[in-house]
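Going by the order they are written in, the chains are A, B, C, D, E, F and G; count residues from 1 in each one.
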Amino acid sequence: MIEWATIITLMLLTLALALTVVRLILGPSLADRVVALELISLIAVSFIITYAIQVGRAPFMDVALVLALTGFMATVGFARFLERGGHTDE
Amino acid sequence: MKMFIWNILLALVWAMLTGSFTAGSLVAGFIFGYLVLAFVARLSDQTTSYSRKIPEVIGFTFFYIWELIQSNLRVAYEVLTPSHHMKPGVIGLPLDATTDAQITMLANLITMTPGTLSLDVSNDRRMLFIHAMYIEDENALHAELKELERRVISLLS
Amino acid sequence: MTAMGSLILRTATRLLLPLLLLFSLFVLLRGHDEPGGGFIAGLVGATGFALYLFAFDAERTRSLMGVDPRLLLGLGLFAATVSGLPGTLLGHAFYTSLWWTPTLPLLGEVKLSTPLLFDIGVYLVVLGSVMTIVLALAGAEEKAEETTWNR
Amino acid sequence: MSLEVALPIIIPFLAGSLSLVFYRAPLVQRWLGVAGTGALLLASIVLLYRTYTDPDQVLSIAMGGWPAPYGIVLVSDLLGAIMTVLAGIMGFATAVYSLPTISRDHEAFGYYPLMHLLLAGVCGAFLTGDVFNLYVWVEVLLVASFALLILGGERAQMEGAIKYVALNLLSSILLLVAVGLTYGMTGTLNMADLVGRFAAMENQGLVTVVAMLFMVSFGIKAAAFPLFFWLPAAYHTPPVAVSALFAGLLTKVGVYALFRFFSLLFTQDVGYTHEILLWGAGFTMITGVLGAAAQYEFRRILSFHIVSQIGYMIMGLALFSPLALVGGVFYIMHHIIVKANLFLVSGVVYFLRGSYELKHIGGLWRTHPWLGLLFLIPALSLAGVPPLSGFFGKYIIIRAGVEQESWGIVAVALVVGLLTLYSMIKIWAEAFWKAQPEEHEERARAFEAAVSGKRLTLMVLPIGALAAITVFIGLGAQPIYELAYAAAEQMRDPQIYVNAVLGDTQ
Amino acid sequence: MNESIAAVILLIGGAFVVIGALGAVRMPDLMLRMHATTKAGILGGGLVAIAGGVFFNESEVMVRALAILAFVVLTGPVAAHMIARAGYFTGAPFWERTLKDDLRSNLDKAGGYLYSAQEQREGKGRPQQQAPRDDGE
Amino acid sequence: MLLAVLSGFILCALAPWLTRSLGDRAGWLLAILPAGLFAYFLGWIPEVIETGAVTLQYPWIPGLDINLSFLVDGLSLLFALLISGIGTFIIIYAGGYLHGDPYLPRFYAIMFAFTAAMLGVVLSDNLLTLFVFWELTSITSYLLIGYHHEDKEARWCALQGLFVTVAGGLALLAGLLMLAVAAGGEYTLSGILASDGLQEYPFYTAMVLAILAGTFTKSAQVPFHFWLPNAMAAPTPVSAFLHSATMVKAGVYLMARLNPALGGTELWFYMLGIFGAVTMFTGSFMALRSTGIKAMLAYSTIMALGTLTMLIGIGTEAAIVAAMAFLLAHALYKAALFMLAGVLDHETGTKDITRMGGLRRAMPITFVTACVAALSLAGLPPLFGFIAKELMFEATLHGGALTTFTTVLALLSAIMIMAVAAIFALRPFIGARTETPKSPHEGPLSMLIGPVVLAALSLVFGVAAFIPEAALLQAAVTAVHGRPVDFHLYLWHGVNVPLLLSAIAIVIGLLAFRFWDAVLAGFRRMPFIDRLGPERGYERLMDGLVWLAEWQTRVLQNGYMSNYIITLVLTTVALTGWTLFVHTGTAIPLGDINVRIYEWFTVGLILAGALFATITGSRLTAVAALGMAGFGVALVFVEFSAPDLGTTQIMVETLTVILLVLVLYRLPAFVNFSSPGTRLRDALIAASFGGLMTLLILVVHDINVAEPISDQLVQWSYPEGHGRNIVNVILVDFRALDTLGEIFVVGLAAIGVYAMIQLRAEDRRQ
Amino acid sequence: MEPVMAVVVGILFAASIYMMLRRSIVKLVIGLILLSNAANLLIFTIGGMVRGLPPLIAEGDKLPAGGWADPLPQALILTAIVISFGVLAFAVVLIHRAYEVVQEDDLNKMRSTDT
């Protein structure tokens, strides 16, 4: 059961990934892309955990933890950029 | 005293991280927590002033999660149905909350609540601007948010 | 856009920073056995300070850190280099690792070693380097904005 | 287990990190600069002595006690030890020269630590017995050189640095790829181990394929034709002490690596690989020397000449006879000293005249005859005028070419020698013989007045010492020749190296 | 048993993530997209993390899972706030059916100041004094 | 002997100091050294006469067959005596000529180095030592010729001399090395002279041509003669020394020296015979055209050098005897004449002979000495020059295939030189007094002692020819010819064809002197002669060199980054790709494509990120896309068992994004700089590189490695390394040195960044 | 998997070279970043791609259970990642400063040191 669940979830997550990449590419504003990027990192967190379950390796959970941490950082960084009025050139 | 609570908390986090609740790991956690605090607390007053609220914050988390689930179902509906029924807009919410912790918590909760998203706080900290998906009935929304604020203030005062 | 930055971010940062620092120490110390180690830990620590920088400004971040990151950098490099020497005093090759596992009261058995010292050096270097870079950049940016403002 | 093989790396690392710790105390940094490089020089001399007197003439230590081929080994064979001594000499000379020439700004922003760490990277590259570790050292010295290059923040430095950084990064990536492929093919990173594993490979052609990647990568580092562009674009832009250090050491790491790899690892198809090297050598000599002929700026001329001289060294490797290898090694030794010294002299000229532009300066032979002498020694040596060091290097290589009847490359080497003399004489005639042009006289006078006697003395000390070494390598060429000969013998017989590294530790 | 629970939680989490992604594509403007991604993303990610904790059934792993959950829940809204605010200030366009915007009238973009409605009513054209940054000062 | 040769170098270091402390009298004192050397070499004469040749060895660089070995025989001793003897007078003379000159100390230093180098050339037995000294004469003479270096002309002349002689020198080096190879690894002249079979060496022709390129340039043979007259830019003492006994004679010396080994072939005979004769003719012709007092002498030197070369080429016994006699005669009179020219120029202030006249009263000693020396130049009895010239005619008359050619040219030269000698000896002194820039009077003792003694010797040797014959010439001829020759020198040897030719030369030569102004006017109507010379070729060559250099720099070092990168990439692709193609052909192992669906998506994420980053027009979008690709890479690491890598990749990616965002803040938007054609070209180049990497991976992946070293590391990780994360144990223990380097890289980058941002040139300027 | 990754790595290399040829200093740096990613993936691919066998030893064991992915390439890549991070950080700031000084994004206008 869990195997099927992981496989289906991995599929779902990759589908989500694909959709988000579409948004990242479409934009139109940088903020939209940042939203997409943050979601991608969240999807990646889920993905890694699901994968950890699939292969039965708990240490991968640590990777997910770090990723959750840094995805946030990238977003904040971008936001700061936007706030400080950098060129958005869109 | 507040520092001490913080320190205990950090020790607990440490123990959780290492996954062993032995005396040794708690002591180690306490030491490391102390080091971190001693370091961070050199900008002391800010850290300690709200630190005692932390247990309440954690307690509140469950409420938070519930809100989260609710809001998700609402959004899911909106996303999955083929046409959009939204009536979005930005509204300003006058604040009774005064401390940073209260305002922040409120803002985050509002973001989690169905169909609302905190945008920013005015510079004088007396108004929170919110993007909402449905503002047909602004008064009802307003009342709902004020109720949330009341709960937050009572938790964090 | 408002000159003050985000109150919400600032508040959240005060909560997150100690956690991140603690987490970075954690990642550092158990890296020899599980994923982690000085490099990742250093980056996590730097991330914490960078978050503080984003929420506040370079000046305050610098005073929060207390030491010039360049000093951390130097100390880290020194520690990492020196960690190779104890072995040579015992007649081994450079970087031969030495292990010392004393049992301390309360803490129990503690694994101390030259590789740990090395990893701490790595940690300091990474933390120091990243913060040197980030603070310099942000500081320059802030300075530039000030001049714009004054103009 | 002895420490001496590691000392030339540890000393600059310690000195560098301590200088960083004392980032607020320029005086400490200055002292550490001289003391650290002095210690490095001593350590390297000891290392060379111990290596030379060792029964195998190869010292090898396994880092961390993890035996070869599993851990990283540091190996000092004669080639490596010689290169290390040269790095020590250069480091010490530059450190002394830096005292009067490096501005307080540069000191405050890490000049001395950067210099130490550059030396550490260079020595590491010379001493490591591990291909990936080599990549790491190359990166260390590269990044140190990046930082040294931009000290000052002038426009020219930025522009030069962009090219320098981008092209060198490309080279590093090629090196990394080549190392990765090597591991994928053989499952080892240890050079000595690689000798046997390469030989045992079924598809020898693939070894040659990887050899090509290494060749291109090191070719870029060595600034060989047609991969040299980054060098003339950048070498004339940093403070002159930095230029000198770069000129002496950086490209030599590439040359050293070519020597190491194409004598130890890639000798399975000499007819193919070394033929390519030979063509590269020829074109390198010609394009470099012609590039210099077109220049009128002191340091640009010197920079292009680095390229051209690299050609001679590679020619020594490419001919691959015992004598040619001797010549290559001899040439490297000579060139490091001489080329760096010329840059140091250019710095003195700058401090006396306020410009590197030959058209703006002159009259030095009238006012500073001793400087003329100090210029002529390295300049004529570079041009291969006997009995200075350069002549013997050139002579050995050309003799090897004649013995192998490789007339084409011999002709190129001779003609390039002539053109080198042409450039050196151009500098001489313009900067020293010609009268100081009147329109730039004011600036020159102001600069000359600003240089105190003490500063000048500190500048001239290392120049004089290097010039003395140049003369010694020339007049006392016999011991140097014997050393180079022994190094070449080792290069001709990889088994000596292999046994010393794998035999001792297994 | 654990495995089955984990499987269910996992699937729900995965579904929420997809919904978030779908929202990111389908919603008509930045703010509305963020309504979708923030909520669905955080919940989905959190659920997956819990599934992980449940599946491995070790306190150590569970703590990791909770840590991920806590972190996602703590940072998610803050990040959303940051982007929304930045997006707003840089002029990300609103959906044409947006009804009102209270913020715009309160914003002094050039001065970098956001007034509250009260402040506006009190007729302060400029802030007399910077409000205290936070309760620590 | 070693000390004798090197003493010059030692004194070179002391000379400036001595000069400075002794002032005016320095010349006299310093002359003690060459005088002492002269005496020392005289002392060798008995031994050489007795044993023929003596070799001495001092090891220097035995490993490279470079030793300070000396060969003392008649030839080298003749040269050594000329060098030291004439050198003595030159040193004294210079003290007077350069009286009060600020550069005099340096002058003496270089002069002694030059003298020593010259002695080294003629005395060396070792081929390479000879070459070392040979090149030293080029360099030191460069410094001497460029003595008046603030004058652009002087610098140019000095460079020309240097360039031509060093170019020849390098050819000579190749030639000498070939010679050594041909002689079976024999690096001493004595050894080479004793070995057979040099002429069977397959590259004999190339070898001889290379050596002759060296000697012809040094000895100013046509077409390389042009540098020598220009070398008059040097102060007169230098010219006198260079032209009479040194520098230009080095080439002659070497040809004479190698004659026994290389001579006797047609190549040798025709090369030396023809070039020598043509040089002889050209030199005398140009001498007659000149009005400058030093130019005239310089061209006559070219005549002498051509004569000597021609005689060595003819190579008969008579020719060799003539060559040696001519060598001696020329050295004596030419040194004297040059020094006298210096006296004239020093005292009158002009070098133009047409502006001098009637000086006999003001400068009687100069006048008499000039007459004597010029008679020797002209080859009139009873001077030694006469003997030499008669011998030369004798030799050309038996010149084998070149008899007519050489005899005719020799006669024409003799006529012109007769005229030149007359002009030199008479024109400044007789006739009416003309105005000169300085009012002339007799030169000082230091400047006259040399010419007087040397002119006197010309006379003495002419009258008593047995003295030089017995003392030196016998031995020298033996050395050059390779075996003893029986000959005797007489002033009067009866009426014969040579005497007849001399008579013709004297008569026509005097006529030419009588009508010199008309002759000059005639030459002036032929200005094209000036443009014909090989000097134009030299100038073209130098201009061409600069043009080529600039062109190459424009093409290669053009400053366009994309060109550099393209070159690097294409070089990589060409070398590696070609090698790959040669060794593996087109068979590419594909292996097993076993990919799970979600892995396809991960891969898709990377590709979408990378490609989007390349095509997007917004730099921040590019950064976001890059971040996406980075996450994809991290996922690959996670999917394939590398948690540490995944974590690190994510952290680094995030930091990179943050950094880019911080930095891109003020950077401009992307602008598309390139045309579609350029983009297509770049895409193709990029694709070739990418394709190469793909192929490399496929080919290498196909190899199965038996025992990677990592197996052992895994085994050791826990028991020996005390760690359960093997990657970390590798990082901090097995390969700690890598990690050490790695953190130094990070630290260095941080220092660099800090300096870049904080240390702003703009700020400092303000 | 490896053949697919080989193609991916090839495309990454191509994309990076293409970016480096674009004359814009910003694109140059993006190209450099892609380049180091490509190189790391290349080593990873050559090292052999194994699913689900991280080189970690469980507590109580002496070897990773069930086999392991080669840890050495991983360690090498880790080092390489960190090194390229340092270098790229430098490069990023360099273009920033170069732009400030030169006020040009066009590499073709940065030729003063060559010509």
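The working rule: a contact is a pair of C-beta atoms (placed from the backbone, for glycine too) under 8 Å apart; a residue touches a chain by one contact, two chains touch by 3 or more.
Just so you know, these numbers come straight off a predicted model, no measurement behind them.
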item: Pair joined by more contacting C-beta pairs (A-G or C-E); value: C-E
item: Most centrally placed chain, judged by C-alpha centres; value: D
item: Subunit A-subunit D separation of Cα centroids, rounded to whole Å; value: 47
item: Cα-centroid distance, subunit D relative to subunit E, in whole angstrom; value: 57
item: Rounded Å distance, subunit B centre to subunit D centre (Cα mean); value: 61
item: Multi-chain contact residues (two or more partners), subunit A; value: 13, 17, 30, 34, 36, 57, 59-60, 62-63, 66, 69-70, 73, 76-78, 80, 83-85, 88
item: Subunit D, residues touching no fewer than two other chains; value: 13, 16, 20, 63-64, 113, 132, 136, 139, 143, 146-147, 150, 153-155, 162-163, 166, 170, 177, 181, 183-184, 189, 229, 232-233
item: Interface hub residues of subunit F, defined as touching at least two other chains; value: 553, 557, 559, 561, 565, 569, 619, 639, 643-644, 647-648, 651-652, 654-655, 658-659, 662-668, 670, 693, 696, 700-701, 708-710, 713, 724-725, 731, 733, 735-754, 756-758, 761-762
item: Pairwise chain contacts, counting only pairs that touch as defined; value: A-C, A-E, A-F, A-G, B-C, B-E, C-D, C-E, C-F, C-G, D-F, D-G, F-G
item: Subunit F residues within the subunit G interface of the complex; value: 553-554, 557-562, 565-566, 569, 590-595, 599, 603, 606-607, 610-611, 613-614, 619, 622-623, 626, 629-630, 633, 636-637, 639-645, 648-649, 652, 655-656, 659-660, 663-664, 666-668, 670-671, 673-674, 682-683, 685-687, 689-694, 696-698, 700-701, 708-710, 713-715, 717-719, 724-727, 730-731, 735, 738-739, 741-743, 745-750, 752-753, 756-757, 761-762
item: Touch list for subunit A against partner subunit E, complex; value: 1-2, 4-6, 8-9, 12-13, 15-17, 19-20, 22-23, 29-32, 34-36, 38-39, 42-43, 45-46, 49-50, 52-53, 58, 61-62, 64-65, 68-69, 72, 75-76, 78-80, 82-83, 85, 88
item: Subunit B residues within the subunit E interface of the complex; value: 16-20, 43, 45-46, 49-50, 61, 64-65, 68-69, 71-72, 75-76, 78-80, 84, 86-92, 94, 98-100, 107-109, 111-112, 115, 117-127, 129, 131, 133, 135
item: Touching residues on subunit C, where the partner in the complex is subunit D; value: 68, 70-71, 73-75, 77-78, 81-82, 84-85, 87-88, 91-97
item: Interfacial residue positions of subunit F with respect to subunit D in the complex; value: 59-64, 66, 106, 128, 131-132, 135-136, 139, 142, 146, 149-150, 152, 155, 159, 162-163, 166-167, 170-171, 173-174, 177-178, 181, 203, 206, 545-546, 548-550, 552-553, 556-557, 559, 561, 564-565, 567-569, 571-572, 575-576, 579-580, 582-584, 693, 696, 699-701, 703, 705-710, 712-713, 716, 733-738, 740-742, 744-745, 747-749, 751-752, 754-756, 758-762, 764
